[in-house]
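Next up, some structures in structure tokens.
Heads up, the next two complexes both have chain A, just with different partners, chain B and then chain C.
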Partner chain A sequence: MSPRVSRFLALWRKEWIQIRRDPASIGIGVLLPAILLLVFGYGISLDAQRLPIGVVVEKPNPLTASFTGGLEQSRYFSPHPYGSIGEGEDALRRRKVDAILWLWGDFTRRGLREGNAPLSLIVNGVDANTARLLEGYFQGVWGQWLEWEAKTSGQPILTPVDVEGRIWFNPALESRHYLAPGVIVINMTLVGALLTALVIAREWERGTMEALLSTPVSVAEILWSKIGPYFVLGMGGMAACVVITVGLFGAPLVGSPWVLFLAASLFLLSSLGMGLLISTAFRSTFLASMVAVVSTFLPAFILSGFIFDIGSMPGPIRAFTYLFAARYFVSLLQTVFLAGDVWSVLLPNLAALALMAAFFLGIAWRMSRRSLE
Partner chain B sequence: MVQRIFGLIVKELLALFQDKRSRFVVIGPPLIQLIIFGYAATFDVNRVAYAVYDEENSGASRDLLARFEGSRVFRCTGRIHSDQELAKVIDCKQALLVLHVGRNFSRDLFTAPPARLQAIVDGRNSNTAGILLGYVNQIVLDFNANWLPLHGIKPPPAVLQPRSWFNPNLESRWFIVPGLLATLTLVVSIMSVGLSVAREREAGTLDQLLVTPMRSWEIVLGKVVPGLVVAMGEVTLIFLAAILWFRIPFVGNLLALYVGLAFYSLATIGVGLIISSLSMTQQQALLGSFFFLSPAIVLSGFSTPIRNMPEVVQWLTLLNPLRYALVVVRRVFLEGAGFADVWTEYIPMALIALATLLGAWWVFRRRVG
Partner chain C sequence: MNAAGRSSGLPCVSVEGISKSFGTGEKVVSALDRVSIEIASGQITGLVGPDGAGKTTLLRIVTGLLRPDEGRVTVLGLDATRQPQELAAQLGYMPQRFGLYEDLTVSENLDLYADLQGAPKPDRAARFAELLHMAGLAPFTDRLAGNLSGGMKQKLGLVCTLVGNPRLLLLDEPTVGVDPLSRRELWAILFRLRDEKGLSIFVSTSYLEEAERCQQVILLSKGKLLSVGDPADIATRAAGRTFLVWSDSLSPRPLHSGLARLPGILSASIEGKGVRVLVKAEGRPIAELLAEGRLTGCHQEPVSPRFSDAFLASLGEAGEGRGEAKAQGAATVDKSDRIGEDRIVVQDLSRFFGRFEAVKKIGFRVRAGEVFGLLGPNGAGKSTTFRMLCGLLPPSSGLARVAGVDLRTGAPSARARIGYVAQKFSLYGALTVRQNMRFFARAYGLSPQRQRERIEWAETEFQLDSYRNANAESLPLGFQQRLALACALLHEPEILFLDEPTSGMDPFAREELWLRIGEMAQRGVTVLVTTHHLEEAEFCDRLIIISEGRILAEGSPDQIKEPFRSEEMPEPSMEESFVRLIERSRGER
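Take a look at the complex of A and B:
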């Protein structure tokens, strides 16, 4: 074995021992991803079901009973009856219900046909997203009931145009299917940037990095030996996340696993490069971890399209998102998991990740080299 | 004794603001997060790219499609002419929505309604997809309501117009920014208080404190009060930014807001002190804070409703002070709540504060004293 190879292997071994003996590495590398995956996987859901809705019927008749019955059938609502609109509004104010349905007017066949709706829906708009979903669900129930009512009374209502919604990739609109791949991004960011930043900054702090640099080992070898074990750790975490995402959360994996592997490797490399860069630039565990959280973890959360749609953000913020690797990785993951190997989406994103990885690793290499002199 | 504690409080505040790092923790991240969250964290859908696949291109189909062009929610990116193109446009994310009008649209519309408008939506982000379909339905309903009288047919029965209270235009920024008031206060108080004992331990000044005649509860109090001062300062700062910069309406009782957030801050300071007293180094304290903060923020109802969570997880959120603070902040801001409406949220926060502060005192005595 050439001295170069055995030197490199020795460095690798040293790094592994260091990881194994450091509770912080185990904490961030293994424990935190597991906790986060479970917390996010079970905690984040945008699927509203059984929304409490107050129902106030002013003049009960068979028709109102038929409609409120239809509401009870829906899996989106759980109706609560109230005697008067005052009571209903009070319940809305006290957050007992998210909305009130008020059948106030001439809720009869004739009344319905007059055109003016003999009913109102009042929604608590504080949580705008839930309110909008609720309105949508309610319109659906109302439309269906009207059609059914018209058919049974023998006077079909005339609908000039009907919308036929087709949702591709996620027909049941399960938010977990698109959120769970997003959690992988968060975890990989943690292992990649936060862990390396923390661990390597500590080596700078303690002076062990300088000690290593003064040996005959080259800077590139040191950097690769630092990256290697974390790369293995990160890919192991990635594999576990994929298994949980597909097995426990039931998300489909339509695309091919090797594309997933390629995307994950490139993202992890760019993330590790970022971590190296931060730790070399700041050289204090405290500052490095703060910077890592602000520059990688938070953007992975907010600016990656993981929860919030990038297309709807204001222009400057949208432009800003291109600076973060997480954006490309989320796009890759959502496509590979739900849509399949769509090369025209995958290629530009993979290229962007490769570029970022090369850029960050290159700068980290240059900066450590300069500090030696 | 009062003088002694007062001296300790002054010393603590000085230490916090004279140290460059802790000044950064108190001022940097909250500002960055307020700006990023305030602008980027939105569930609103606008300027959505859609493509038109109009096989008929008749007067009727153009009338219908023109309604989408007029909406600020949608932005037309082009026309497509075949099913293959349709698949490509969606797959490649060139459009989130394709509106497909079939060849027999006019014939169906005039002779055998209903005519079909097919809306193909990219479901990769299911939330956006659901909201988009809602908008498409709304536009078509409006089209229908206009079309019938124009063609001498009786108007459709009972078109429902929902109203929403407290946030008439359903802007999600009104939901997120007041939430930030509680969330960022949590981050700051956990980070600054959480690091304080560990920092003194690392610097060796903790031993100096311990040899003074001060009792352990006095030392703990000397950490709690400055934390409360900082937290309330932070609240005021973010409150002003929310009202003056983001223009969020504030219709409730200001005192009710502050009292609620004071209970809340005490609870979070207790958590921060426990983390701090348990950690031997600042790094450990930082990690501990991180372990607490991430689940606390996710499982609070800050971005996604608690009601959507599995029941066991919902019970878990009962221990989370942020959960109650978010209710107080949002109700006071948008619903105009006062003491009578939110006092029920004060009780759990006060209980959590009592438990965590006593816990902190206990841990401090065991691990430090």
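Take a look at the complex of A and C:
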């Protein structure tokens, strides 16, 4: 065996032993993703169901009863009747309900036919996300009811109100179907950037890097010995996440697993490059982990489209998200999981990831020297 | 003779006019300034100098880990800046803190470094066995390196640098924080390596008695080369300037404070019944100096200079002396009316950690005005005892009374009467000197009026005025130590605890601290102190040596040394006695 190979194998073996014995690597690489997966799979749901809504009916008649009955049957709403609009507003202010539905006095067939919908919906906009959902759901319920009412009475309702809402790709609107794949992003960010930055900074702190550099080992050998084991660890974590997401949460994996594997590899490489770069620039574990969290982990949560829709962000922030690899990966994940191999979406994202991986690894390579400076 | 024969060969390290500075802009610090040296093959070469002298930088440049800004470095015939990788295959380098992977076992560490150094596989088993046997680590191959004692880690670090059969060994302060016994063992190994394998060894150290054993010593100060040579030759540079002074009327401690304050005296230390002094280079006769200081009834005789004297003399000439910043000793705490009373009483004191008994039923008494030393190897139970007496750790059983207060019931009220200086000086690095003092004064509950008075006192007493608005972390180590001591004295404690206060300090700062300790003791303050510098034990009135939680010896420095006095060794040093005591107790087990 050439000395180069035996050095490389020795470093690789060392890294594995350290991963196995270090509770922090196990915690960050295995435990944390598992907990996140369970939290996002079971605990957090971004779906709005049984939203409390106040209902004020000015003049009750069979038609209003039919509509409120329809509301009651919808699983999205839980209606609370109020005697007057004043009472309803009070309840809204005290946040007992998220919205008030006000059916006016002329909520009659004639009133509907005249074209102006004789009702108003007042939504509490403090929680914009819920407000938007509620609005959408209501439009849906309203449209369905109009259609049904027209059918049963045999009289067409000549109204311009014709809301057709349809939700594609996630027809059941199950947030866990897109949240659970998103945990893969978090997991790979943790292993790729945070853990890698941490272990290399620790080598500087404990003085073992100085000892390593005083042996005939080359920079390339040190870098690859760090990339290799953590690549394997990250891909292993991803495989586990996919199995749990598909097996336990029943998310569909519409696209091909090979595309998923390719996307994950590219993203992991860019994360590893980021981790190497951070630990080369900051040689203290505290600083390296803070920088890794702020520059990779938080953006993966907030700016990747994993939880918050990028489309609804203000322009400058939307532009900002293009700087983070997580954004491309989330887009890839959601496409592969829920829509399939849509190459027009996949290719640009894969290209962006490949570019970022090459960029970060390249800089990390340039910055690492066989010296302590 | 042997060594001389070998050393006639080519130099293994040749450094020509190297300079190195760190930082940019206004914060440029020059670590090395046009240093040229040659290190002979087959020898042990020591590198000494005060903190921040550039020792580590020089070693790293020789290893090829740092590039000099200018100058040439040739090591084993290779250019260290251009061929670091080729060079690395022939070097063994042990950085500070040993460079071990603490979560790998002893044998895993060895395997790793053997692979990295490219040690041939077939010879490995035999080589490992030999090295582990030499280091006494053979029974511990499956133990994690992190679970080894400080001394064992240091030996494992050394063994790891040796697996690749290097021609040159570079060691950066291998003995820092390691007890005297382990230090001795390490040096024994180094001598064997030189004699049996003809290895060249370059080692930096802050212990001057270690430097004295090297064949060649390089003395650095503030990045400049002060001198190079045989330590015995260097020692003669202080010839005619060292004396032992004793007095009929004064005991060593007041004599020491009197002498240390004389402007013509560079350094003074208590030794036995007298005080050993090194006079400044101007060469004024010692008798004249004594008369000037009104120290009557004194006798003096010349003594042979040591390497440490020459070291101090060189530093003094380089302007690194204590300068005018000598301790004032004015108006410190006055508890002299109490002198002689028992202030610390310890009986059958034990402390368990789980099932491990760290301190085993120890007992001793310390009187007011005494300086009491607590010595022992790493892991002997010193720190545990210390923390119990400070009220930071409750004892498992036994009695501990400090300043008349039983620590089991009144730890908080005892704490108000003690001052504590921890090993790393527990200062707030980001606060200024003033802010640190104000914080501690408030923490001790001094009234605003009293706070002002005490802080003013401390600033004058410790000459901290010029640093008032500097951040504590930016101070030189010696001033950090002064500040830590000042903070511990703000509430005028009657008992002072100092945990390894001189670790890593340069000799002048250490001397100054001992001068202060002595003067506080003369005013009735009780001082309890731990140290790894055994020559400092001479400053204690009484001391105990503990090992594995038990007291091995108790008494004055002379009483401790007494049993080891023999014909071959009429004047055993404190270190010699300490090592023998520990060895004897381990042998009995």
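Criterion: the second predicted complex is superposed on the first by the 317 of 373 C-alpha atoms of A that agree within 3 Å, B and C clash if a C-alpha of one lies under 4 Å from a C-alpha of the other, contacts with A are read in each partner's own complex, and residues count from 1 in each chain.
Just so we're on the same page, a contact is a pair of C-beta atoms (placed from the backbone, for glycine too) under 8 Å apart; a residue touches a chain by one contact, two chains touch by 3 or more.
Please read these numbers as outputs of a predicted model, since none were measured by experiment.
Look at A:288: by the touch rule set out above, it reaches neither chain B nor chain C. In the overlay built on the shared chain, the residue A:207 is in contact with chain C alone; chain B does not reach it. Comparing chain B with chain C, the partner in contact with more residues of chain A is B. Of the two partner chains, chain B is the only one that A:135 touches; chain C does not reach it. Contacts of A:10 after superposition: chain C is touched, whereas chain B is not reached.
Looking at the shared chain after the overlay, A:191 reaches neither chain B nor chain C.
In the superposed model, A:364 makes contact with neither chain B nor chain C.
Residue contacts after overlaying the shared chain place A:274 against neither chain B nor chain C. By the document's definition of touching, of the two partners only chain C reaches A:21; chain B does not. When both complexes are overlaid on chain A, the residue A:217 reaches chain C alone and has no touch with chain B. Taken together, the chain C residues at the contact with chain A in this complex read 60, 63-67, 84-86, 88-89, 91, 93-104, 108, 111-113, 115-118, 160, 164. Residue ranges on chain A touching chain B, taken from their complex, read 24, 27-28, 32, 35-36, 39-40, 42-49, 51, 92-95, 112-133, 135-136, 138-140, 142, 146, 150, 157-171, 173-175, 177-178, 198, 202, 285-287, 289-290, 293-294, 298-299, 302-303, 305, 307-309, 311-314, 317, 321, 331, 334-335, 338-339, 342, 344-345. Here chain B touches chain A in the complex through residues 21, 24-25, 28-29, 32-33, 36-37, 39-49, 64, 88, 90-93, 96, 109, 113-131, 133-134, 136-138, 140-141, 143-144, 147-148, 153-168, 170-172, 174-175, 282-284, 286-287, 290-291, 294-295, 298-299, 303-305, 307-310, 313, 327, 330-331, 334-335, 341, going by the rule given at the top. Taken in their complex, chain A has these residues touching chain C: 3, 6-7, 9-11, 13-14, 17-18, 21-22, 206-208, 210-218, 370-373.
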